[in-house]
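Shared between the two complexes below is subunit A, which has subunit B as its partner in the first and subunit C in the second.
Our next item is the complex of A and B:
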């Protein structure tokens, strides 16, 4: 694991926090839980070229939890797709090219417009099946929330991926245990997610979603296994909603909200100091 | 036209044939079925191009979203199921993930209108054209027979953004011959007339053409215009000129009179001179279980009923 990936995760988190506050509030919780996942994908494992964003050989990433847009925009910016200043100036602004839910028509690097939950895995299946048929090496990564797995379409897609042996597909579930109305276990118990995906014919791994090194090594392991193993893979990433901000962590009300300037300053101090 | 003696053909099979012909022509097509490979004839594609046919089981939303994924990688995707499911269960998926990103996701929607008949209201699609028409960037076809269906399916491959193609179920009268060319967006004048303009689409066309013969015998000259493209209407002046000339407009559709062809006609004619206007369709209600013939009789689409309504409009 290169130190730069860990640093990228820290930068993504800080600059995501800053961008959301600068926009007047937004989806702090779910944007702060995915920094390490995005850092590993964009700064390590994905084959992408920001200078050639339409490269047909690029890997594809779909953020099914489209409200994590600020984190993805920040990751793309830090990776060189567009200036971070554009994200800062544009996020959630009127007629913005950086809408809070990502939009493939608005920015290079966004592969699918998402926001309505439970949809991204199906798109990923469509992409993955295409690449397999073409015998191409492109991989497809889908990042989904855990609450999102309430949606039946996720399981339609899960069956499809297994049936068509989409071993170029990796689903990462940001398991932060929270959804808007409260803890997932209270609102609609979805566990055990790992056993469910296994039962659906998937290869499953569980990782600490805030340990970039662990995420990267599991993705590399899966990629090696998928050379001979026809199963799609799911990574259950155990995360903390609002990670890094003491007053946000594990509190569902921070799915979306606003903070004061003092809270912002405190948050920045915590993010810069703790990592 | 005499529908009882006409040559018959399956629009569903023609749709499957259309996708197959695209594949044979080297087009990069894929067809997805939702446990509908046999009924929607994606089996035709599968027999020659097995890798191009996908079946996701009874999971229509997943089907449409996979089509979006495939289309986003450059494929020309055809998602095939029944009109009720594709237009309603998949409405959000089509709007947000196919139409808004302008992806080449084409829906072949079987069992449209009264052709669902005996399956009952749960399987009768009588709102689909209106629902699909409200989606910006969506093209909506309701071809009238097997020949125009085959061409409409092929035409969809070259239309940017999604296309919804409503087809039927059982064999239906063949109206066109092989010399016909389906031109998206352009209304087809099947018969010139001077007393009343009858506007129709889809499988109802055959019955309206037969009604025109009945009207002719009664001394009424009906102009028959087929709106195979519900959206976009690229030559509304064809309808405007006709209705302005005849002074009478009758719309005939296998659809709710809210949102479908009657609404399209009203939108086209907005701001034009006075004319008499009647609508044949479901009067903002649901159909029933019955054979397509029984439903066409009950809801006024059979030739004698169309002719009677037109006569009343002309007296």
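Our next item is the complex of A and C:
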């Protein structure tokens, strides 16, 4: 693991927090839980070229939990797709190219517009089916939330991925245990996610979603296994909603909200480790 | 003598195999209704490009979106009723909002579901699909036009919905054109009345010309195989050249062709207008002819409405 990936995760989190506050509030919780996942994908494992965003040989990433858009924009910006200052100035602004739910027609690097939950995995499966049929090496990564897995379409897609042996597909579930109305266990118990996906015919691994080294090594292990094992893979990434901000962590009310300037200053100090 | 109605599943299977041979990007996606759509010949010819997701219409549309995102040209088919309602948000978001190059085919459309009845009859698919920004909506009037519509959709860039009844006339009588996406097609040039029709109702509209003539009304039929984008120029021209319009369709007039023409003419050229179709009602469990009669989708109803609109008098009288 290169130190730069860990640093990228830290930068993504700080700059995502800053961009959401600058936009007047937004989806802090679920954007702050995915920094390490995005850092590993964009700064280590994905084959991408920011200078050639339409490269037909590129790997594809779909953020099915579309409200994590600010984190994805920040990751793309830090990776060189567009200036971070554009994200900061544009996020959620009227007619902006940075709407909070990502829009592929507005920004290079966004592979699918998402927002209504549960749809991204099907799109990812369709891409994976096409690449396998063409015998191409492109890989497809999908990031979903655990609350999102309430949606029946996720399981429709899960069956399809197993049937068509999509061993070029990796689903990462941001399991932060919270959904909009409260803890997943109260709103709609979804556990055990690992056993569910295994029962659907998937290869499953569980990781600490805030340990970039662990995420990376599991993805590499899966990629090696998928050479001979024709199963799609799911990584259940145990994360903390609002990770890094003491007053947000594990509190479902921070799925979306606003903070004061004092809270912002406190959050930045915590994320930078100066407090 | 009328051409007999033919089953479109045969046509769909044939044209898909032809397209699949010419273009390696063509995919077929099914949701356990391959026997209704008729795509099995494609499966037999190109098994690696025929995907069946089981009874899962939302996933059907999402998978097609992903195939298109990776450069394929998927034809995703399920019953029109399910495409428009069960998968409505996936059509809107995964396909239309993304502007993915997906071809959606709604089979067993409209009243041709016949005895599957009110749970299966699609009376709002045209309304739903034409309300989707960026969606092209095709409602062919005969089996040859359906074949040409599928071909046209395959080379058109962008999302397309094709309405596919179980049965259509083999070929409309007196046809002189090759189908293209866009234009309306005019039959006759009577100056009293324009009967604006789509899908299987165009055949009925053409039947009405004789009945209208006997009533002293000189009419024309404007066939609308492309619901969206509408050839508004032809619709407005015909409305201006005649004294009244009647729409006819095997679909709800709310949201359907009737709604579309009312919206168009109210804004541009208000004329007396009657709208024939399903009026705020679900379909019935009955054969096609019974349902057409029940909902008044008949040549005699066109004539009755024409006499009412024209106060009993054509100009020829």
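To be clear about the criterion, the second predicted complex is superposed on the first by the 273 of 275 C-alpha atoms of A that agree within 3 Å, B and C clash if a C-alpha of one lies under 4 Å from a C-alpha of the other, contacts with A are read in each partner's own complex, and residues count from 1 in each chain.
Keep this in mind: a residue touches a chain if its C-beta (ideal position, glycine included) is under 8 Å from a C-beta of that chain, and two chains touch if they have at least 3 such contacts.
The model shown is predicted, which means the values in this text are computed figures rather than measured ones.
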Clash or fit (per the criteria above) of subunit B with subunit C on subunit A: clash
Greater subunit A contact set [subunit C / subunit B]: C
Partner chain in contact with A:164 - subunit B first, subunit C second, else both or neither: both
Footprint overlap on subunit A, where subunit B in one structure and subunit C in the other make contact: 104-105, 111-113, 115-116, 119, 122-131, 133, 153, 156-157, 159-160, 164
Subunit A residues within the subunit C interface of the complex: 56, 60, 103-105, 111-116, 118-119, 121-131, 133, 138, 152-153, 156-157, 159-160, 164
Residues of subunit B defined as touching subunit A within the complex: 30, 51, 54, 56-57, 59, 61-62, 65-75, 77, 92-93, 96-97, 100-102
In the complex, subunit A residues that touch subunit B: 104-105, 111-113, 115-116, 119, 122-131, 133, 153, 156-157, 159-160, 164
Interface residues, subunit C side, partner subunit A - complex: 27, 48-49, 51, 53-54, 56, 58-59, 61-72, 74, 89-90, 93-94, 97-99
